[in-house]
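Next come two complexes, and both contain chain A; in the first it sits with chain B, in the second with chain C.
Take a look at the complex of A and B:
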């Protein structure tokens, strides 16, 4: 006589699965979230070379801490389901109990996710409007920090394939390197002489597109002395991958000495330098098609 | 199929894919296909010294390229012939004496700042035998620039009305040209790109297509080892 596996009646499992998952999730979240905020947060990108960079680290910490309970819920749920409801080998496949509508769960889900998303949107908007968060704001910036009129001005010029920098407050001299004094408010005017580039000073938290004929404004306040990487973040041709440099934040006295040296070096071509302009169009075009 | 076998197959596929991607990237970064030229090295006071002779031409000609109308750099080999190679092997920590014969006319620098010689001994060059610390940006025909060395030298062009202008390369020194000389130093071993910053590619958008975007014409590498 053949034997058949017995089939449990639908709904026979009365174990408090939901309560177990919620308790495990709460415990894990309460432990993991502070750990993430305290230990992982400070090492999140982009870095702390500027106030804006540090602000982005805070933003990333808030986001990561916020999603930690969500991640914990998914983790707990999957681990619980995979272990508790794992069928033993040679067990016949059987359908589960029918799903039923649960107004409480649906309302809770909608309310919680809406609150989380809107809160993050509000937080992000507040952070962005504080000082622009280091992003390029175009020629008419909206998030202008207090005292912007007295900031140190540096023009970032992209061209295929290198960055150069003009310092209008120091006679409009141009340099191959970006030097900034420590603890100083700086306004970057980013532009291009040919195609679209993107000035990305990662640790400064600054990323601004460089477009020909456009003055893209970004604000930052430097912190202590250190070096930082500069890259182009817009595919711009053959040497795009080589369009990187090292920038420097230096003490005020060192910056003063450096800029004086650059002024001396620039003297030989001072008469040829064009008057400082917020933007330039590709010129000359003698051989351009 | 057993779970372990499946896992092994997937892992093998991932490793194989990674190896293929690695070969592809390695091929790109080592520029296989862009033949390099090893520049002869001399010794002076126990240190390597290199004499680099290059020329810039408005049209590389059918002998040297399938793109005869493209502007190009050429390098002189040990036999005195001009060849189209822009990946040059140089010794580390060497003194490099460069002589450039420019047979091309002026296109003008888009960034006048690059008209000042930088990254070369004394921050000056010799143009047709005379020392110079800068040129009129409008007179620039090309630049020889190694950004990693902060090296930029703008090369003045042949006058538009000069007699005996070179049509196609290779160009004889009897034809109208400018001679630019300077000295720089290689540092640590590495793969350093060099390029021209003048928009000199005739007929291309913004003067920066074709030979400006192709290794072997106005761009190359210093393979320092």
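Take a look at the complex of A and C:
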């Protein structure tokens, strides 16, 4: 079948295909985008349990609203093209018009995608610099919320396969559970004793890797009292899947009572504890090799 | 052209003696034991002095290296260099081998290597897929364990490594090796023996990865993060050796492709007439040749840390786990474009044939492929946004990651405008190409969330990112892999595949694929971490849905395998030389393609996309006369 029939006379099809696609796309986008932002936006993760979480919800809503018209464009285009330009069996091998290029379309496409991309990057950077968005920023954070020097510090220590917490503002005591006071700005200093873990408090919008020998800083402003799940989000060995806990945001008075109780518990073991430090090098290192 | 003077078949047992796969396996096993006992004899006394005899990593590593050397020797890879050292003239005798036996030997015919790759990669693809089925079996229940925890991690790791390691050559191995010399009008690849070497190294690597189960498996997943890597048992060495060998294979494959495409194009095949598939292969090969060596070096450091107690990645001794993360992703992000770019090229190569129109915006398409190839070097830290890297750099990596969607968009607009006002035939390969648009669109749009640092805080390391890269890699690479099979296998084997069975396979796979991975976006958004064996009870319904869909997806692949083998082995419907009425040169050659491809080297006068621009150019002008390679 080495036949290459020539095309039908060029320009035979004068229907306004382009205009139809663009109009259908505009109508669909103008309807769909607000609907997505209004109805899908509020249920996007991670929820409003913290200021950082709320910021991420806004961020996710903007991103979803931005990609909606893109999705609509391709949807409309492909539905139209794949139905309208379907080959009839009799003329299946007839060639289409030899369109090789169109500078206007190329330039428009490049300009529009570039503008969208640069706006997304600008928006993301702006959001990030507000308060760090709950992400781990390493030992010398850049996106620092105002008043960071006076914030409550909590050290999160990942170890195979558990999390423990130290409160340097309360004598460096170490606890098995994470309690945070409500409506408080907290600095989380995340580190690890062995391999890489990742501290993920999903509902609070916090994720920070726990690296051995590194102090990974994340900022968090809590809202009202609630419990939240903590998981490890970086594969850390055998019981990675079981490395979860429940953390608590509690009223100020309850937090004060809890921390007092923990201080009492810690008093008896205080002299065995390593001095509070931004990172630890336990000895001996576990080493299989 | 060819050649075998005598057509008398010796008895089977006689044909098994010589340099072939059987000898390779025997010498491979022998080499393994030589390495094992050799290293043991040297190292054991000192180890027993330190009371650490159970952890003799050195023996294991040298055993595997001895095995690889034995395997390659048995296949005959040392014959040629030794003959040259002894003063014999250069030749390509391996190319003239005939019969089925050549698929089990060192053969330097690029068409044989292509078919070897197709079956070899296919085998490991199915092993990887089987592991995916086991993963989804485990995740049917939120907490109940089907597999022991360590076994589950090994399954996850083998699935990931197998897919990311073997499938990097999924298009370039079978299809580029087979087609690039044809498309550029050459009789062979630039380095035919290296071409064969890449394949056999890859097979050795795949087997080594599988043997990890005898050494306790490995707990790190396909990324092999430090320092968990150092802490792991000996199964980890299998992962390291596997990926290092894959890296060596990729580097050689990449260099071979670059040199072939740059230096061996026939007269008249200017850069603007090169088939877009060759551009895709070139941009991928550049990434392979430059990125894979980083992987080999990184894994060598990891191996030293494990075997000879260096401290590149041990924080307490002055090393850094960030060093590994960065080095790994310097390789790892180009790696994912090594997987994706051939898919772009295949889609752009096939759309003109099935829309009966020239490729729209050829130069833009080339710019897109090369642009992705270039930009993919500057985005790797988006894999470690929340790891505590230098915070100043995150806006830069956010920007560079989002910039890469511009050249990716070039592929989209060129493909879309090629379809525009075309005469579209819904053949099986075309359906797979159209599915690419849908899958890669969802993959790309979900990538927007992962590239945006605030949004990535939640989506990183969750099932959302897992769904994202399955949409881009399985939806992008594997769908185009099947498009390529349905499109080119008739040319490669001379056997036509059934359109009806192909379409059943397509719709089954397409629906099952989307039913499997679309819910994973939701599961990730709802907070399920990757690679964790437990999940929230509230997510069980979605996970069960995904598991059942995944089984359907697995069955669709089994359906493909069964129909494919059945048609090739039993139906054997002869294929026309040009079943798709393509203007590309490989379809102007007879099926199957003769050993030396062209009687006369063709002279090109246009690109292969001139649909609607008059009769196809003749491909057999008075070029250079036929000759030996």
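By our rule, the second predicted complex is superposed on the first by the 265 of 289 C-alpha atoms of A that agree within 3 Å, B and C clash if a C-alpha of one lies under 4 Å from a C-alpha of the other, contacts with A are read in each partner's own complex, and residues count from 1 in each chain.
The rule is short, and it goes like this: contacts are C-beta pairs under 8 Å (C-beta built on N, C-alpha and C of every residue); 3 or more make two chains touch, one makes a residue touch a chain.
The structure displayed is predicted, hence computed values, not measured ones.
Novice: Under the superposition described at the top, does placing chain B and chain C together on chain A give a clash or a fit?
Specialist: Once chain A is superposed (C-alpha atoms), there is a clash between chain B and chain C.
Novice: Quick one: classify A:158 as touching chain B (first), chain C (second), both or neither.
Specialist: Neither partner.
Novice: Give one of first, second, both or neither to describe whether A:247 is in contact with chain B, with chain C, with both, or with none.
Specialist: It touches nothing on chain B or chain C.
Novice: Using the touch definition from the top, say if A:69 reaches chain B (first), chain C (second), both or neither.
Specialist: neither
Novice: Check the residue A:269 against both partner chains and state whether it touches chain B (first), chain C (second), both, or neither.
Specialist: Only chain B; A:269 stays clear of chain C.
Novice: In the overlay, answer first, second, both or neither for which of chain B and chain C A:193 touches.
Specialist: It touches chain B, and chain C stays clear.
Novice: May I ask you to decide whether A:239 touches chain B, chain C, both, or neither, giving the answer as first, second, both or neither?
Specialist: both
Novice: Between chain B and chain C, which one contacts more residues of chain A in the superposed model?
Specialist: C
Novice: Check the residue A:143 against both partner chains and state whether it touches chain B (first), chain C (second), both, or neither.
Specialist: A:143 sits against chain C, while chain B stays out of touch.
Novice: Between chain B (first) and chain C (second), which does A:181 come into contact with in this model arrangement: first, second, both, or neither?
Specialist: neither
Novice: Can you check which stretch of chain C gets into chain B in the overlay, out of 91-99, 145-153 or 361-369?
Specialist: Stretch clashing with the third chain: 145-153.
Novice: Once the complexes are superposed, what residues of chain A are shared between the chain B interface and the chain C interface?
Specialist: Shared contact residues on chain A (touching chain B in one complex, chain C in the other): 194-195, 237-239, 242, 282-283, 285-289.
Novice: State the interface residues of chain A toward chain B in the complex, per the touch definition above.
Specialist: 157, 159-162, 164, 174, 176-177, 193-195, 237-239, 242, 265-266, 268-269, 272-274, 282-289
Novice: Could you pull out which chain B residues touch chain A in their complex?
Specialist: Residue positions touching the partner: 107-108, 110-113, 115-116, 118, 123, 133-134, 136-138, 145, 147, 150, 152, 193, 195, 197, 199-209, 212-215, 219.
Novice: If you look only at chain A, which of its residues touch chain C in the complex?
Specialist: Against chain C, the touching part of chain A is residues 1-4, 6-7, 10, 13, 17, 44-46, 52, 55-56, 59-60, 63, 66-67, 70-71, 74, 77-78, 81-82, 85-87, 91-102, 105-106, 109-110, 113-114, 117-118, 120-121, 124-125, 127-129, 133-143, 190, 194-196, 198, 200, 202-203, 205-209, 211-217, 229, 231-242, 244, 281-283, 285-289.
Novice: Chain A touches which residues of chain C in the complex?
Specialist: 55, 57, 149-150, 152-153, 219-221, 223, 225-228, 230-234, 236, 305-307, 309, 314-317, 320-322, 355-362, 364, 384-392, 394-395, 398-399, 402-403, 405-406, 409-410, 412-413, 416-417, 419-426, 434, 437-438, 441, 445, 448-449, 451-458, 460-462, 525-527, 529-534, 536, 576-579, 581, 583, 588, 610-616
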